[in-house]
Every structure is written in C-alpha cells, then in structure tokens.
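So that you can tell them apart, the chains are marked A, B and C in the order they are listed, and the count of residues begins at 1 in each.
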C-alpha cells in the first residue's frame, strides 16, 4: 500500500515574526516541520512497521528550504519525498490541486495523512480539498486511528473533549491531531540515512494544474499589536480578590 | 538631597547579589540596582549553573573547588534565611571530564593534585559501566554537521576520564539569586528593580553615584559594576574606567539546547555532568529527563558579538538575537548524538539563548578601576556561576581594603579561601594584566 | 437582495451565544440572513435568532426526521440548501464543528474559505485573521462563485438588530457519505466548552500537580467558566490534552482569561492573546505573563483562587 503524508515547512512557534514586504514575512528565522505533521508522519510510519508492505511518501510544497522538513520526515521513517518547488507559495486552492496532481502522478494513495492544521496560515482546509479532488472520504482532528483490512476506524476530537468514533474505508484522507500519538524523534544514524533517501523535485509550473476560478489572496500582513498595559493588583489576598471581583463584575461584566 | 548608600551594586544577578550580601555583613549599607523585574532574571536565569572543578589554571581550580563547598552548604551560607519561593538545590551528580584532545586534562589533573580536589581515574570500561549510553569512540577534531567529515566513521577510542564525585549543577539559578537577595535583606541590603542606570557620576577621579533613566540620582562612594553582559556599557559610563582596562569585556551570544534522553535511560536521576571536549560540548541533566547541552566554543563555530540591548529586544536578526538557530541546534545535538547514538533529536529546537559577558582571555576581571570607588566584577565568560559566592566574599574584602587605603595595583590583595584554606592572589584577575595565555579561551575558563 | 447563510450551532437545544457575533458580522444593507439549523427542530429559535437580525430560519432535516450527526452528510445537506435558496456566501464558527463542516463545504464547492476571521467586510470580500500564531494579522481578499468564512468564536461582539424571523423546513436526502459515525464518546468531565467559554480559568506549572486543578474546577463552576491548562501541565500528565490552550492546543477568545501559575510562553499566548481581559495570578514577578496581561496578581495562587471561590459562593448566596 502507498501512504502519502503532506508536510509543511513553517516558522518555529518560538520565532519572532517580522513583516517584510506588504504580504511577506522575514524568512531568515528558524523553520520546523509543522508540529501536527509530525503526528501524521508518525502514524504513517507505525502503519508501515505493523504491515510491512507499505511505502510512506512525504510530500511538500514550498521553497527549496522546505527540503529540510522533507529530510526530517525521511529521518522519522518516510521512505522517500516529493518536493513541489515554488518561490511564491500559493493559496489553499492551488496548494491542494498541486498536491493532488503530484500524488496522482506518483502513485496510488491508499491513505493520505496531513496535520489537522498548519500553524503558520491556519487554513484548516487542505485535507478536505485533497479528499474532494481525489474523491475520497476525509476526517480531521483525528486522535485515534485503527486500520483493519480496508476498514478504518478513527476517533475525532470534538468540543469539550468528546470524541466521535467514525468508520470509513480506504482510500481516505486523515488530518492528524496532537493526541493521535507521541512522535518518536530520529537518532543521528536515522538522520544520516535520510540524507541518502530519494527526493523528487518538481517545479509547480510543470504540474500544469487547472487554475481555479476562485482564490484567496493575502493583501497585507501587519504585526499584531500587543496593547496590554499590565496593572498590578496590590494589597492583602483579601483585598486583591475583592478588586478582582469588581473587575469581573463591572469591567468585564461576566458575573452578576 | 539624593538618597545615599555606602555602596551601589549595578546588577542583581548571581555576581552582584553575593557582593552585596558580603558587604552588608561587613556593615555597608548596600543598594543593588537592576534593569529587570527581579533578581537573577537576566543572563543568570539562563545559566547552566554547572559546578565543576576543572579549570585551566591552578587558581581557577582552587576557586571552583572553594565555590563547590558553598553550594554544598547553601542554607548555612544564607544564614538560614526563609525564602517564600523555597531554596535552590545543588544536585551533586558527579562530574566526568572525558580525556580528549579537546581538554588539557593532564594539566587539570596536576591542578587537582595541587589543590586537593577529590577525583578518580576511570577507564572506558568503567565509564560504560556507569553510563551505558556513551559511545567512547574519538571524534576529534570538533566539526560542524555542515562539514561532510562530521559523519566519517571513527577509528580510535577515547582513553578514559577523570571523575570528580564532587560536582553537579544548581537546579534553579534564578531562584538561587532570589535566595541571596532575601539573605542580603536580613542584613539591611536593599534592591530596586526595573531601574536602568544611565550615568555613573564622578568628580575629581572619585565616583559619586549613579543616575537612573527616570532622572533619579543616587549617591554612594562605592559603585560596583556587576552588570553581566551590559558590563562594557557601564564601564564606558564611568570616567576613565574603560580606557584604564587592559582586558576588555564584550557580550557573546550563546545557545544552550535541551534534547530528550534516549528512551529507557533515566539521565535525570542517574546521569553525570560531563565535559566532552572531544565533541566540543558539555552536558548535564535537566528537568523532564532532558540533556542540557552547552557548547565549549570550538574554533569551527561562529562567534557573534552583539549589542546586549538589541539582542534582548530580539532585534539582531537570525543568529544575532535571542532565538535559537536551526544550525546551532543541529550542531550541538548532533555532537551529543555522536557520543550517544540512541539520542532522539526533535525537529523543533528547544533550549535557551543568552549572553556571556566575555573577557579577552575568558578569565574574569575582579578588580578596582582607575576611578576611585568604582569596582568591577565582570567578564565572567559563562564560567563563574559556580564561583559567585566566592566572588562575593573576595570582592567585599577587596572593596573594604581599597576603601581603607590599600593600593591593590601595587600590592595585590591576598585573599584566603574560607573553606579550603588556601591563599590566593587577587591580582590574577587584574584589569591591567596581559592576556593570560594559560586560559582555554572558552567557557572552560 | 444578497442572501447570506449562517451555519448556526446548537448545544442542548440552545443557540450557542457565539453565533450572535457571526450574525452581527453577516448583517448589511440589502442583505437577507438565512440561519441554517440542523438540530432536528426540537426548539423554536425564532425569537432568539430574530433578535439578532435573522430573516429566515432554515431547519434542515432528512426526509423522515432529523439528520443524525455526520459531518459528510451535514455538509452535503448544507450545500443542497445553499443551492436551493440561492445562497453563495456562508458564515459559521471556527469551532470544533465549524472546522469539520465549513472546509467540507468549501472543498465540495471549490470555493475559497478563510477560517478564524476576526473581522469581515462582506461587501468588499475582505477579512482579517491572525496568522503565525497570532503574531501577525493578515488581510485577505477572496474571490469566487461561493465564499465561505469561519469566524473565531467571541472575536466579534454581538449586537441585537431585531426583525421578524420566519421558519422554513428544508428536507433533503443526502447521498451516503462514505463515513459512518459509530458513537460519540463523551468526555469524563462535561464542563463548559473551552473555545466558546466567556470565562476561562487556566492552570500551568504553578498548579504543582493534577489534584490541585480541583480548585480551578470549583471556582470555574461558580462563574460558568471553562478550565484550561498550559502545555506544561498537559505534558506533565496532570490534565488531558483537550484542556490545552495554546499554539498546539485550543485557540480561545473569552471575555476573561484567568491564568494561574502560567509563565506565559509565546506558544501559550498564541492560543489566548485575543481574550478580552487577561488576569495573571503568579508568584513570580519576572514571569513573562506579568508584563503582558491586563491585571497582574503577584501572589500564591493557592491563597487567591480558594478566596475567589469563597467570595463567588457568597455572591451566589451559598454561604
């Protein structure tokens, strides 16, 4: 079976984000694999280890530097990678089309894993678009995954900690949530091996994807203003709590 | 009338606070001024707080060994003060110095013998019995992962280690300074925070006091520069001081990584602090069963000298601000992974990035200055945390002696180490010294 | 007259309050607002929805009764209703349910979708949303035959604009979805949902252990608050992952966020920085959160929180 895992090269959660051009950020910062994609890779590799007959292919779309994230995926156990190269990362509609075409040209997916969201743009939609384009079923925010034959049973995180138990069949698209597993990180020998694994590079233009009529463009990026001015509540514990009650009641109006 | 103190200490980190503590005990009315919100909140908080005895000079070893005795007897040092935050703990893991080409361990051994530091010689078999996860191949010279040679297979083995049963780390360096602050307060010492010194005032070559950013003027006949990475800026504020130093200080950017321990190995409770010159790093346990990995500043690594204010504001840009870089994350983790092949390496860097207040020869300046009443405890170069209580006692004695007329430049103070009973020429740390080429020129001191 | 659809979320037969902000954002001149409900018509929401300016309530149902929860069939049913009523713009919440329905609908329609909007201008087709974990705000322009928007819960304040709402029942028989919902496992403690709570009281490393979270739950119960946690508390296994607020947890926008013993890492702020008011209770004056909140209480949380609970009980007439 073939398992594709879509991963994304994103700024480190701790990185300082500076807006450069009107809709671009300064990219001389530390980038990492999107954290939820680590869960996606981990689950794919676990399936491979259990079944033995699976091939895990990591796919990404991005600038040449995104190869670092592909290498991380390979070090975590993916067999090979596909890097769709573009200098100008497109919106979700085009991204999903590009991933779809690249996967279709490469093989026959039984499962496509993605992270449940990317922490840079937080679009929450690529997995659904992939499924629609490939006519597969899709579930996201998956916290438990089981595969028996062609049958897949997942648990999806719902509000308030509830979980929906959902059955679907292969082929399907799975959006991995944090609770799905605990990623096991690669050792140096695995990282060294990953340096020798195959990465197929494809220019986005060469995929000749059908241009969508719809689009979502970023017109402008602005740094978020942190306008809070901390005021310290002083006095005894009793006095402090009295002030807090007043704030909750009169300022925030959340208690009667 | 400006408020007046006997001594102002600029900085309330792990160096400034013990100086105040000792001066206060001698009857000085002290004031520590810090630009941050609390004691030890600056580069002290990011310190690896390692307590180990190996230094490249005999005096260095003696001072570190003296420092160890303080940490061992922390409550007593603090006069059994109550701190509402609790006390910092010294974790005596024991300290391994791998015998490698990266350390002049023969010299260290000689110093250990001279000072009386307890140690054992371990062969590789013994090391592996104590630390089964270490692979003891030799990887020298230190390289970066960008260099293909980094991945070459080793052929030689290391030749054992020196093991000091006395050594380890302090679990919460910031808290340790809070402890000292509380102890100082019981002796009458005062602290102010969120206060930035913008001027060191003087007249006729005698220091008068300082001026804060908000215009407040505070007077004192004694002003001590313990400003850590900001030390060179403070020195430049004081008339003739910076110019009068033969040894200068600068702020050096430094990254420390936290990498999880291999599955099934309880590094937190069973591991040792290890100095591994063969791959240019040192490591110690960290909460969460992590390896804390510091760099021994190998020559192949870049050195970024930065402006401390820009750095802390995060304005320096990649590799110049206070954020970890992927390249250095890989360099330090991969180096440890050569020693521990089963080490799992996360994709996301984790750790701390802060500054060393680095001197030209990586040996501190503990001295008076060319301005009367102005003293310096600076240039700690990332390796003086362990010595801080000793520095406090030594600086207080130096200040008191100079204020009473000692010409320290002509007749350097001889300081007696209280615990190990050895005397020590404080002139070793003089600002006027020539660069000390016996130094390792690294964090090893 | 432009028709705008709003996917309404219902919990225990009640309209979730966060919907009213979405309706407020959808209103505009020459616009007719359609509320899509899939709750099986168990309660009449004409008055409540009418108060915020809904013109038509579309009760979407199956041929023989309510449509059981199934994200694929629900999405299909909404698409059919949109076609039937000629609706090309759809809004909903960026909630757990919204994150499962809106992208399904957008994908099937090949329509642009922006989730987590904090500001909308439907006339201009522009929206603003936080990106890079809230460190930047992006302005996006969408173009397409259909446009779908997810609004961050509580990010847009609700303002009433009463009108007369009319209820229409729309019956459909969506095709088999390819996925079957076998069961819904309820969480152990069914409290207030984090992402929609008006008040959140959250604990971090300073809670010291899982047992101590009890004091937060006691306090929360009296305020109708949800209890959250920092990653440190979740990583230490004190509380389940579902309670994690932050970059890799839930993103919240309550009116009040009370952080207890939380240092306030960048990653934690990413999940709660759009809260109306942030109160930090932390013993450590140098904790990052102390400088980045609205009100700081530098004290032992174990002194403050139980006192707050007692005061709230007294207000509640229980003492």
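The working rule: a residue touches a chain if its C-beta (ideal position, glycine included) is under 8 Å from a C-beta of that chain, and two chains touch if they have at least 3 such contacts.
Computed from a prediction, not measured in an experiment: that's the story for all the values here.
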Counting only C-alpha atoms to place each centre, which chain is farthest from chain B?
-> C
Indicate, using Cα centroids, the chain positioned nearest the centre of all protein chains shown.
-> A
Just how far, in Å, is the C-alpha centre of chain B from the one of chain A?
-> 41
If you average the Cα atoms of chain B and of chain C to get two centres, how far apart are those centres in Å?
-> 48
If you average the CA atoms of chain A and of chain C, how far apart do the two points sit, in angstrom?
-> 21
Expected list for chain A, residues touching two or more other chains, is 13-14, 16, 35
For chain C, residues contacting two or more additional chains | 290-291
Once bound in the complex, which stretches of chain A touch chain C?
-> 11, 13-14, 16-17, 19, 23, 25, 35-36, 91-93, 96, 119-125, 127-129, 131-133, 137-141, 153, 155-169, 178-179, 212-224, 226, 228-233, 237-238, 240-242, 244-245, 247-248, 251-256
In the complex formed with chain B, which residues of chain A make contact?
-> 12-16, 26, 28-33, 35, 38, 68-69, 72, 184-189, 191-192
Complex contact set, residues of chain B against chain C = 36-38, 41, 45, 84-85, 174, 193, 288
Chain B partner, complex, touching residues on chain C are 235, 283-286, 290-291
Parts of chain B lying in touch with chain A, wherever the complex brings them together | 151, 260, 263, 314, 317-318, 321, 323-326, 329, 334, 337-338, 341-349
